[in-house]
Each structure stands twice: as C-alpha cells, then as structure tokens.
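A, B, C and D are the chain letters, set down in written order, and residue numbers restart from 1 in every chain.
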Amino acid sequence: MQPIETRLRVRYAETDQMGIVYYANYFIWMEVGRVEFCRLSGIRYRDVEADGFLLAVAESNCRYLAPARYDDEVVIATTLGDPSPRMPRFDYVIRDAATGRKLAEGFTKHIWCGPDLRPRKLPEKYWVNFGIERAKSN
Amino acid sequence: MQPIETRLRVRYAETDQMGIVYYANYFIWMEVGRVEFCRLSGIRYRDVEADGFLLAVAESNCRYLAPARYDDEVVIATTLGDPSPRMPRFDYVIRDAATGRKLAEGFTKHIWCGPDLRPRKLPEKYWVNFGIERAKSN
Amino acid sequence: MQPIETRLRVRYAETDQMGIVYYANYFIWMEVGRVEFCRLSGIRYRDVEADGFLLAVAESNCRYLAPARYDDEVVIATTLGDPSPRMPRFDYVIRDAATGRKLAEGFTKHIWCGPDLRPRKLPEKYWVNFGIERAKSN
Amino acid sequence: MQPIETRLRVRYAETDQMGIVYYANYFIWMEVGRVEFCRLSGIRYRDVEADGFLLAVAESNCRYLAPARYDDEVVIATTLGDPSPRMPRFDYVIRDAATGRKLAEGFTKHIWCGPDLRPRKLPEKYWVNFGIERAKSN
C-alpha cells in the first residue's frame, strides 16, 4: 500500500511564541492526512460517519524531529499501517515540501465505533477502502 | 444586570509567533464567559442544548486594545446586552487581571435554534436565566 | 482591485458538537486569505515580518449566514478594503465552493507595527504590494 | 515526587462533531498541566523562557480511555517522570473530576533548548524546580 500524500501550508494560527508550530497541531495535520487517505481510497470519511461508523482515536503519538515554521509547505505521507475492521492504525511522516526534510513522524490507533461511541466492527462494504482483506477480518 | 466575571490563564497554545495571543482565541474566551454567565444565572448551557435549544452565533466582533501574553491571567466580564428569546446579544470586556488594563472588548449576536439549526424561540421556562422579561418576549 | 480567492477544506478539528464549524475558526480562515492576498500581490507576509513590520489586528468582525460543515470546500474571497500604510482593512466573503452559497462575511482592521508592537508606518517599498497609492500615504 | 493537579472545564471550542473532545486538545491540557507543575515547584515557565531556556517537545503520546465532554471538569495530574537537565519527560493522567474516572494518560518528552532551538543544558539554578539531583546531572 502506497502512502497518500497531502500538502498544506502552515497557518499563522498554528505557530506559538517559540516561533514554530505548536506541538498539538501536528495531530490536526494527521487528521487531514487520514481524511485524504479515505478520499483517495474511494470514500469520503463523512459518508462513513453518516452511515453510523465513527473512527474514534484510541492512541496518538508524534516524534518531533525538526520544527515546522509559519508559511512552510509541508507534506503528510499517510499509510494504513494496520488495516483492521476493528482497530486500525495509521502511520504518518511529515516532511518539509521544499527540502524533503523529515519534520515529524507518528501514528494514530483507532477503534471503529457506532454513534454511541461503543465499538462496532466496520462492515465488509467498506473493507476495500480501508485495505482490509477477508483473512484479516477478525 | 451585573457583568459575570470569569478568570482564565493564557495558554501557550493560544500564543502565536508574534509573541502575543492569536486574535481568534479571544472568541473562545468569550464563549467561556457566556457559559459561566449561564451557570451563574442558574442553568447549565449544556442542559439547554440537551433540551433542544442551541445558541448559534450570528455575528461576532472584537476590538483589540492591548495584547494578552502567555501566562497572564485575564478576566472576562460578560453582560447580556440584549436579552431576547430569539436573538440575544452578549457583550464582553476582557481585562488583565493583575493590572485591570482593558485588553479587548467585543460582542456576539446569537439566534436561538433547534437541533436542525432553524430559528426556534426560547421557551418561557428559560427566560429568567437569560434575563428576558415578559414585555420583551417578541 | 480584484478579490483574491483561496480554497480550503473544512477540517474535523474545526467542527464543534453542534456539527458545524466553530465560530472562531472563520477568523483563522480570514488569516489564510490575507496571507494568500499578500503572496498573490507579489510578497510573502513572512518576509515583511522578518523585515520588522507586523500586521497586528485592531478589530475583527464576522457575520455568519449559513453553517460550514466538515469536509466542505470553502472559498475565501479577500479584498483590501482600505489600503493604508498605517491602518489597512481587509474584507472577506466566505462561500461554499460547491454551491456558491455565501456562508459568512467579515473584516479585519489592522495596525502596522514594529517588533515592539508599537505603530510603525509601512515603508514605500511595500506599498505596491498592499495597494497603497502615493496620494493615500498619510 | 507527588503529582501536581490542575483543573479545567472543557470548552465548547474543544469539542468536535463527534460530540466529544477532539483528540489533539488533550495535548493542550498536558501543556496546562506542565505549566502548573512549574508554578507549584516555585518557578514560572515564562521566566525560564525569558532567561533563554525553552522546553521544546521531542515526543508526545496520549492513550484515550473514555471521552471527555463539553462542560465536564477534568483534572490533569502531572508528574515529572524523568527529571533531567537535558531531556526531561512529563507523565500525565487525566480524570473526570466528578467521577474520578480515568479519561486519558500520556507523556511528553522534551529537550531543553536555547532561543536558537539548539539543545542547551538547563543550568543548576533551576534544578531544584525540575526535580534534578546532582547525581543525575548528565
């Protein structure tokens, strides 16, 4: 499975007084990467959610290697590290678009839930979009 | 009607690379002021919302007089400038807690809506909490 | 002067539990519009800032006409409503990209400042980028 | 070393359309916990920063156990898990204040840096505030 690349430009709002991007904002970028991952795999995440399946976050992690700065263009490479109809994991590498320098890497682990936020296995009709093969379905 | 005062400490996340609080964050503080206004008038806004009445924002305005900085304590004085069961307006004055210096002032105009986000007049049982007198009920 | 159009897609992080975009986030979008305005007028705002001129915000205003929702694409049309080397004003119209429906409109008034956040007139070398004519220079 | 407890109330801005707190915001709360940790250990982090020592983030992690919701009061218990004048680690447990239920736990690893964001060992005068003993000074 190839990584899906998403580009965005660092907003002023995303910086802090250290003059670099505030650390929590990388997780917002990962979310942008996840959504584009879904879109490019043929589905809009919002349609999945409207259908009653929410991708709740169970764990998030980021390692910061070099600071991103205001107005930089960054590239988020998103991979579905662990396809699963129950607990998928996405992996991310964030690079400076101009130089290719790696700025951060991380992952998010998820649980597919229903609207009541209780675990709910993703139905087969969506498996192709989330890289799930029949053999891995449990 | 007396202003309701709410205190908060400026978070690092709220600053930007100019070394001061990013301008959009004052609107988050106004929301914190509104919620405390409700609480001190005897009601939790979340209970009103659970009851099917949402306070959608129709207009927001802020004038910035002096910068707020990281770790400063600020006081938000919230007044219900225009009580109305349809389109209330809240007014805010934000001061530095240590010096009393006025940092910003602004307002938010609202529309009471139902869960479908269509206008929905606030029922009489809530009027006392939102400073509405019978004569102003239309 | 033509409006500069910037497109962006609504992030999940930008929604709130009302199921629509939280009202403060429109001001972040206006900032994205301002930055693109600068870029398309031939200058990067970050270079102006590195040169010692900061565009501090003096007032901000937004009227909300229809809600923006997660994953919608929105277009921000930014105009320099009042070019001035001291106190410029930007105007914004935010539309749904798919339908053209107007979602919000607003403005931001600014003061050009030095790194000490005291007012500092923008020098002539930047006037062409900020639509300032000689006659309006005071 | 006892955990330092900080209380805050969940803001509407911190929720997303899933009706719960957006996952990136827990890292903002951890920052609030860190700052209070410093304050209660006898120092203001902003003074340390003004003195030329920045606590850059090298890694962040959060495990989400139960959702926090709008208007809930949460308690952040912050511990200095690994005192170090070079690469300290803070640990956090976030609980619902009303029920004591654990909502999330996580950590942040840091590097003390100078204003140029290059590693810079924290000087001895601050060690007592950051729980560093002489023996662990390298």
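Just so we're on the same page, a residue touches a chain if its C-beta (ideal position, glycine included) is under 8 Å from a C-beta of that chain, and two chains touch if they have at least 3 such contacts.
From a predicted model like this one, the values you see are computed outputs, not experimental measurements.
For the pair chain A and chain B, chains touching both partners: C, D.
Seen from the C-alpha centroid of chain A, the farthest chain centroid is that of B. Measuring from the averaged C-alpha position of chain B to that of chain C gives a distance of 24 Å.
Chain A and chain C have CA centres that are 28 Å apart.
Note on chain placement: the centre of chain C and the centre of chain D lie 33 Å apart, centres being C-alpha means.
For chain A, residues touching at least two other chains, in rising order: 12-13, 18, 20, 24, 28, 31, 70. Touching chain C in their complex are the following residues of chain A: 9, 11-13, 28, 31-32, 35, 44-46, 70-71. Residues of chain A that touch chain B in their complex: 12-13, 15-20, 22, 24, 70. Contact residues of chain A toward chain D in the complex are 18, 20, 23-25, 27-28, 31, 54, 56-64, 67, 108, 117.
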